[in-house]
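Order as written gives the chain letters A, B and C; numbering starts at 1 within each chain.
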Amino acid sequence: MLRLEGVTKRYGERLILRDIDFHAAAASLTYLAGANGAGKSTLLRIMGGFTRPDQGRVIRNLPPGGIGYLGYETMLYPELTALENLAFWGKTTGRRLPKNALPTMLERMELAPFAHDAVGTFSRGMSQRLSLGRLLLGRPRLLLLDEPETGLDAASRALLLREVLHLRQEGAALVWVTHSPETWSLAGEIAGAVCVLLKGKRLSFTERPGECGWLRTVCGEQAGGGR
Amino acid sequence: MTYSPPSPASKGGCRAASPARSSFLGSRAAGVSMALALTGGVGMACCQWLIYAYAPLEIEMGLVQKIFYSHLPLAWIGMLSFLAVFLGSVAWLWSRKPFWDELANSAAEIGVLFTGLALITGAVWAKKAWGVWWAWEPRLTTALVMWFMYAGYLILRGLGLPENRRAVAQAVLGIAAFLDVPLVFLATRLQRARHPVGIMSSGDGLEPEMRLTIYACLLCAALFWLALLMLRCRLGLGERRAMALARRREEA
Amino acid sequence: MIRFSLVLAAKDLWLLLRGGAAFAQALLLGLLLIFLFSLAASGEEAVGGSGAAVIFWLASAFCQTLIFTALYAVEEGQGQRLGLLLAPVPVQALWLGKALAGLAVLALLQLVFLIALAVFLGRSPEAFPIQGGAMLALADIGIAASGSLLGALARGRGARESLCSILLFPLLIPLLLGAVRVSSMVLAEAPNPALTAALGGEIRSWMELAAAFDAIFLAAALVLFPFVYGEEG
């Protein structure tokens, strides 16, 4: 579904990523860890096609519009209402949505009562849930998550995890950059999750599925000392 | 860090993607640029003899006409610089080699300088020939507009944009500005023409001695320009290299 | 692709006209310009057709900077740009959408400016209605095409203010020269029939020039826009 071969990236003269090989298959879940400034977001952006690598190849086997991206930033327009935001992003997917798709999605994101409120008045959790709804409208086949759980309460976090794993069940490939120990602690329990550590400009460590326990220690260190 | 090996293209194109060993920073390129500078410089000095002793005095303009021997090379080579900016910009967008970015920037600096000098010498000429310092004449106006555009291009460099954004913005402007030049010229010509049209075309009434002199001036100025361009470009690449080395020491 | 551009343009228009300070800013700036010139001309001499044309196009050029800066700023606050880039359309569709939105706003502003010209300066279109309209359309298309390309360059905080004006105005000069020249004929008193033919010829050459400008910037935008907007800094 997505394959990186020998990807190298520099900013100016500074080397960020060196000779990265990576593969994400259908229905896979890859956690991507690494210290601040290790180049996780850059790598994710190269996967998404926003940043072009200096060397190497990015091969995507996806339908048009098949990539979804959810980061800390919600991509929502604060002046528009929740419904207007969903309507706009729904139209940009190019897919023909059923008539009640938008209200249903709001319902699913537990935002139905706020459909006509401007997003600028929303809390962090509400905005991020709406952003998740925006993402789901596009039915992405490859989902890139750049620490979307930051600043969410337990309920929103659970909803995020639930929906994302649901997408995976439907066959989407997930790449999840995260720092938070709570998310990591789940990683061990999710069957078939692959954990990758980005260190020294390389993907230096890859665990076999289901053996992500070691990351808890890594993340504990980073959460304590890194930020 | 890993460095791409110097490619066969590095003779003419000088691929300087790697800060390590770029042939353009090597001693041979230094020698070439010094030789060019010397030839051009000495040649320009000799041209003074051609200008004042060899070429005949023009009847109407008198001594002021001699400024033409500086004005024309400055204007033409200014234009050549902007062509270099255009080519460098296209090549940078295509290849992303820092060399092309430096080339475009160096050429723009020299082009703005030369065009500025051409405007000043042109104004002196205009004062004598038409009695005014400035006239809304197509070539003059075009040169002025170009000067504005490429001054903006240089300002872009200093705005502190992220490195890649800065380079993209400059490349896009370098291309757009050059595409705009013919339009500027046509537009100003639609207003009204006044320049001594068609100098250097057949039937411009230039004496053979004058023609030879202007050719010599053009050639020497072009050599000197090439030397300046190489030196400035090498300076820019050298700066990059120094920054990279400093950063590497920091990181280590 | 066209559908996507229209959706984007509609969203931007809605954002800009409903709550955007940029629209009000551009409107006020233009009106202020016209008002100031009317003060300057309130003595014995009225502002002639060419004076009115200069004011009109100066206001339009400033509006271009304000509008396109605002149009691209809309996509920056929450990383919306990345979302748009992921849409299953060529990147150029974004350029087209922004250009269409800018064109619509510009036309709206110019309508107000024309009314203001009539009110404050007593100048309204008198001659060459068809050619004048065509020239207006050509000039506006050129302004939108170039503005949408270069406005995308100016995205990001530091660059926003200074960038557009420095870059855009010199590039626009050929287009503005023609627009001013033709508009001054349109806004002046109708010439006698003998002159009309001659002026008509000149207008045609200006229109050809404007069309060439549009074509060049259209092509340049289609080629260059992906570099400008499609990749990260």
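The rule is simple: contacts are C-beta pairs under 8 Å (C-beta built on N, C-alpha and C of every residue); 3 or more make two chains touch, one makes a residue touch a chain.
Since we're looking at a predicted model, the values are computed, not measured.
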Neighbouring chains common to subunit A and subunit B, by label: C
Most distant chain from subunit C by Cα centroid: A
Between B-C and A-C, the pair joined by more C-beta contacts: B-C
Distance between chain centroids, defined by C-alpha means - subunit A, subunit B (Å): 48
Rounded Å distance, subunit A centre to subunit C centre (Cα mean): 39
Rounded Å distance, subunit B centre to subunit C centre (Cα mean): 32
Set of subunit B residues in contact with two or more other chains: 163-164
Shared-contact residues (touching 2 or more other chains) in subunit A: none
Sequence positions of subunit C contacting 2 or more other chains: 231-232
Subunit A residues touching subunit B - in the complex, by the definition given at the top: 8, 11-15, 18-19, 54-55
Interfacial residue positions of subunit B with respect to subunit C in the complex: 93, 145, 148-149, 152, 155-156, 159-165, 168-169, 171-173, 175-177, 179-180, 183-184, 186-188, 190-191
Residues of subunit A defined as touching subunit C within the complex: 45, 48-52, 63-69, 71, 73-80, 88-89, 91-94, 134, 138
Subunit B contact footprint on subunit C (complex, rising order): 146, 149-150, 153, 156, 158-159, 162-163, 166-167, 169-171, 173-175, 177-178, 181, 202, 205-206, 209, 212-213, 216-217, 220, 224, 227-228, 231-233
Interfacial residue positions of subunit B with respect to subunit A in the complex: 1-2, 4, 19, 96, 163-164, 240, 243-244, 247
